């Protein structure tokens, strides 16, 4: 069946390979973070298997799930965070990729329930303002997914700090969601360190807006998108 | 003799290889941490040799000891922490693996004699509450082992912060004890960083209990255990 | 055309390869930093393409620009920071290389708009005093370049902390500018950590001067310059 | 001449290879740290060449110096810290190796001119008490060497924090001095982090003494010394 679908095969490989970026940027330890990607044109997404080490992941070990989070393919159980990913795909049709990590500095802000203020031009570029905090929510139902969607809907930021928990990021592709996770930890760390020795200088809202607008519309190689 | 015992050979290899995880997650410098594993069905365990660099370890260099910590096999002296490991195996029959490190953030909590409060869902999952502190104890007798066993007996946490010293973790296998050491440093670091800029939000005990119960019973691939 | 110019080919390779040092010293994440190098004897410089990952860079993918920042060669768009590099080359003829990063500790000082005080002998050697802060400036015109040139002209420091943004460094070669970026982050981190637990001891201006003078004139292998 | 002396050849290789440990433990950036080793039975020592990157070091590029710090062999200039190493070898005949770094946390203590208190059992083992601070001294004469020797003579610690500068360590071999440099940074980091959130608990002097005595006389494989 869909094992033979070349689109799904490609997404299996993309999602599998992107986990290496989580490891490279030290956003994860052991098996604690995961990437997923929507299958375009089908009510399916591909996600990391549960509890499998990053260096043992293969495209074949990725799990294909329907949008209720039920596995429809794959010999492994899907990530224990699958219900949250599924909720996002059901309620945010523009999202093509979701990432979850417990990256250190972002999770430290989440433990205090404190949004990260936008005091860096790179943060204005990527997040368009502060990175918001989502509610405390227990795993095992739709509470985490609902908290992510409620916090990010209509917000510029592709990242949410789930209180006492960690980070979820979204993007139009799995790669964009991974980039948001990498940048989220980078700005979480830099702003944390800045604040250790005093208050960072604010950036005027007008400047945040201009930076965000320019970055979303100009940066990078058009041919690479 | 037991050089030819294939069970011991396999445990030698497992224990040897797991030291690479201590290095990968930067829990150790030089030769300062060690892993051991119980030999099922025999009053023996396998442990790192003393003072040998991690990248020179081989299965053959591991040392087989009896439960009093006396080497019964191997050309090397066992780790200088062997007495502590032996005490744990003698008094906690459910333990199959023990790990010791001086990992930075966990040892910093230990230097202040302060338990790590449970303010992260991942910490509720793995440790079921705070990570406790054990007594100050000198090396050279049973004091360290006694402190570990007294602190961890009847406690959910598989990790103890020995005051002014470092971390000991236990598990039903050497791999589980290594995972506990990795997660202990991860939460020690995240909670430390959270507290640098204010107080983390508490997690209600009821939520800690539900997270711990779920994680211990649901997570991961059943076929992988 | 100049594809065949061996001087430009060599600079393409030098600039390309130097990005590996930014990765090695963890000064950059994703695609956020860049190196450029002037083409001696021509009104041209070579710079990183925009939005291309560091491990996909090749000498051929580097972009040759004129001193107004317009690409004259190469199939990629140049770095979005090209205008700032170009402004420096136009106004500082002694500069042969420019580097831009958002390295964590230096950017943290920049977020507070605070110069790094010269409290380390290595900092006196390399920077000859404090590392200064440049103005807040938006991308998209000459404001960033003007801020760099105004701050560094007549200053001993080859590094400037652009407020709320990151670091720009200059050198007589691309390699010298990369070295300044590496050393800038190193001293930014060490002085930050020193100040976390109290005030660092000052170094007398006379001693700073003697260290700077000696280092600029004596250190290293003469044959390597 | 002594190119053909197999003892010197072996020390060239040992000293060269040990620089990889400084890189591995991130004690150095660019070319800022160095290792040297005494040639037994001759008034000579072998040291890193000045300004050469760590991954370009070869045994042949090491420089042989007399005990006044004058190069007697090698095509490179010796490290700019050679005079300090030479002074130590002249005045401490028991020393077989010297290491210098600007490792981050140790240098942060040095910038405040504050000794590292002995609040970790591993620190009692290796250093036998606090790690002391040496005087501010300018490069270019015997001041640094004199400060090292004055501070370490009759002191248990093999490491000294030179004020506003960095770390010098000594050992009976180059490897022992490298180990001291690695452990110095490790305890500097752990005690720093412990103190960020409160005061570490002291260790009684009697316990420090017992730990130091035991470690110096029992630890490791006798056959490895």
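Going in written order, the chains are labelled A, B, C and D, and every chain counts its residues from 1.
Rule of thumb we're sticking to: a residue touches a chain if its C-beta (ideal position, glycine included) is under 8 Å from a C-beta of that chain, and two chains touch if they have at least 3 such contacts.
In UniProt terms the chains read A, B, C, D = L-ribulose-5-phosphate 4-epimerase.
As the structure is a computational prediction, the values presented were derived from the model and not from experiment.
In summary, the pair subunit A and subunit B forms a contact in which the copies contribute largely different residue numbers, shared numbers making up under half of all those used. Centroid distances from subunit C, each centroid being the mean of CA atoms, peak for B.
The geometric centre of subunit A is 44 Å away from that of subunit D, both derived from CA atoms. Distance between chain centres (mean CA atoms), subunit C to subunit D: 31 Å. Listed for subunit A are residues 196, each touching two or more other chains. Interfaces, counted as pairs of touching chains, are A-B, A-C, B-D, C-D. If you check the complex, the residues on subunit A that touch subunit C are 25, 119-122, 179, 182-183, 186, 189-191, 193-194, 196-201, 203, 207, 210-211, 214, 218-222, 224.
Those residues of subunit A lying in contact with subunit B across their complex are 29-32, 49-52, 76-77, 80, 102, 104-105, 107-109, 111-114, 136, 138-140, 163-166, 192, 195-196.
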